[in-house]
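Each in structure tokens, the structures are laid out below.
What follows is chain A paired twice: with chain B in the first complex and chain C in the second.
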Partner chain A sequence: MTTENVPVVEKIMNANDQIAMINRKKLDDAGVFAINIMASPGSGKTSTILRTIEDLAPDVRIAVIEGDTAPVTIDSDKVKALGIPAVQINTGGSCHLDAPMFSRGLEQVDLANIDLLIIENVGNLICPAGFMLGSHANVVVASIPEGDDKPYKYPNIYRGIEVMIINKMDLLPYVDFDMDYFRKGVQILNNDAVFFNISCKTGEGVSEWTSWLKNRIQQQKELAK
Partner chain B sequence: MHELSVTESILNIAKNHAEKAKAKQVTDIHIVIGALSSIVDDSIQFYWDIITQDTICASAQLHFKRVPAKLTCQDCNHTYTIEDELSPCPKCGSIRIKVVGGEEFWLESIEIER
Partner chain C sequence: MTTENVPVVEKIMNANDQIAMINRKKLDDAGVFAINIMASPGSGKTSTILRTIEDLAPDVRIAVIEGDTAPVTIDSDKVKALGIPAVQINTGGSCHLDAPMFSRGLEQVDLANIDLLIIENVGNLICPAGFMLGSHANVVVASIPEGDDKPYKYPNIYRGIEVMIINKMDLLPYVDFDMDYFRKGVQILNNDAVFFNISCKTGEGVSEWTSWLKNRIQQQKELAK
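Take a look at the complex of A and B:
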């Protein structure tokens, strides 16, 4: 029997991306600005979120969606302790959030009464990069002790980001971290990324990051009008 | 680990197109993977053999075409590919670079028997 070639040319992530666009529309209609925070485990995603909340709430109304591979509520408990609604998504061992999971989480968020939605993705520098969620800005949090070679080893995650946060700046004097080398790696991959050097421990640089965020939240509100 | 959901997605796309073409079975599947897309073909193959059992794709061979990361310097227009470590423009040293290839991740074509 002869075989026949059928051209397909379809993006393999198409199904995910279409749901991501539906998620985006929901957020846009509600005038909510959503950020997707990605990082390796231990870089300080949760600490960055808590610092961000402390700086912006209650003027900015915030909700958080926490993606975790294990059914532990350690992160969402910390967020709730600040009086901020938090929705926990257990990925059931999976290494990333995808658009359908985010969509289910979104159903539990009171979009009409928030301005900013923060998504904490699963701690991982590889898998989350491939799955659009429908957020407006992807943010990667790196940290000084992780080392300066990450953009060279995990290039994909830096491609689609708008913000690059470098956390634990207070450790810079104690660690061999070549800031120029790190920044160069990110910039080759993504020349438009905005950098913020922060320390969640000392609070250094946090307000620069949150003023960027405030601007974007405002823009999003105006677009929805 | 994310290769499982990716593999399911490949199967869905292949099945859709095979049904549309009224295929009896799918014999080959051609996939293009860019170097920047962080997909491991071995893992896809591993999941593929498990999830395609009893489907129209059960005996389909996967073929992967790897595409290197291709960059263009925005200062001197030089285009280069990255085989090893990410580097600034080898001609002028600029880091104002545009990624023009290497992010592909698509199903190019299938081969079927009717």
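Take a look at the complex of A and C:
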């Protein structure tokens, strides 16, 4: 490959993805592992984050970036109440975070003093799928009462994920939810996703998820050495 | 007002809203009452539609337009199974219906032979709020397990609604959901919304909702005379 090819290669990548790559480099240089949590409104993204913090902090040093479509601090206040730094990004009505927004959020995070950065994307099963941020792993949180047909109806969000968390397992006895049908729906789109069935209410399954996360944080630290 | 003002007035209205007004006129001329149902994925839009059909048909002649972000017929198949005509609109990945899409859907509906047209918008609490379709009433379906903070976090969707349905009341004993806090959140944005608490699983509250709907269908018929 000659140097003449470089500008062509750069043009293939859109502006968002170029900034995402810069964000990724910043995280890699600092040895910080970053996850982008996406979900439908009310599936329990914030509860999953709070449970994750309770399980990992203070051994793992965490910061959270909260994406919200409205200027409310409900979620970031809950994170801060656990003593964890939280940066809120108001998307101004937009239905997803993008790489430039995440970049501005990153500027407010003390990367030198954290191990894990959790991004809570805007509650939406469609828009966030189209925008790479620069995080290392995409995570979707589904919840039992949302129903088992979501992977079939909102396929794009499941394609690029590394982790599929199924939350509100405590509600399984009260809801018609066919776990095999749901899993099959995700696996058709993405055969590599790791599944964790959890309940933020009872704590069921949370430690399996945070063990996976600890391994990935450790790997990222080693890569940065 | 002189006729010179007319072009200026027309310019104020965007292309979507102009088409929405044409859609509205078509419905009005036919004496058909149309509702636009919006909600988060998994709140029970389809279940609410099925319960509504069971309660009103065949006395009320109904058709359904299904907006989906993916080319799946899961929801429209359920409607057709009840003997009700269903037109599916695939938004091609977009997070909402708009007036031109609805217009194309309308062309496939036999307006002369129905009383009620139900539009199931794409499951999303953000995007559909920005696009008038030409329906007579916007309806949001929330569900108990989604949590009571949604009006505070996704305010725009609640502003222009006439009806607020709170579904999955059967799950109330198992979930922390403060009904007063939720209602207050909606009422701050919209003091005119009518509330119906329902359970599509048990049938609780459904007849109150369908009674309201029957009145509105009747009013629409009288206006068309």
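Note that the second predicted complex is superposed on the first by the 212 of 225 C-alpha atoms of A that agree within 3 Å, B and C clash if a C-alpha of one lies under 4 Å from a C-alpha of the other, contacts with A are read in each partner's own complex, and residues count from 1 in each chain.
We take it that a contact is a pair of C-beta atoms (placed from the backbone, for glycine too) under 8 Å apart; a residue touches a chain by one contact, two chains touch by 3 or more.
Just so it is clear, the model here is predicted, and its values are computed rather than measured.
After overlaying the two complexes on the shared chain, residue contacts for A:Asp98 are found with chain B alone; chain C is out of touch.
Of the two partner chains placed by the overlay, only chain B lies in contact with A:Asn191; chain C stays clear of it. By the touch criterion defined above, A:Pro155 reaches both chain B and chain C. When the two complexes are overlaid on their common chain A, residue A:Asn16 makes contact with chain B while staying clear of chain C.
Of the two partner chains, chain C is the only one touched by A:Val72; chain B is not.
In the superposition on chain A, A:Ser40 makes contact with chain C only, while chain B stays out of contact range. Touch criterion met: A:Leu171 reaches chain C, while chain B stays clear of it. Common to the chain B and chain C interfaces on chain A are residues 93-95, 126-127, 152, 154-156.
In the complex of the two chains, the chain A residues touching chain B come out as 1-16, 93-96, 98, 126-127, 129-131, 151-152, 154-156, 159, 184-185, 187-189, 191. The touching residues of chain B, counted against chain A in their complex, run 1-2, 5-6, 9-10, 12-14, 17-18, 21, 23, 27-28, 31, 36-39, 69, 71, 74, 85-88, 95-99, 103, 105-114.
Of all residues in chain C, those touching chain A in their complex are 40-42, 68-70, 72, 74-75, 93-95, 122-127, 143, 145-147, 149-150, 152-156, 168, 170-171, 174-175.
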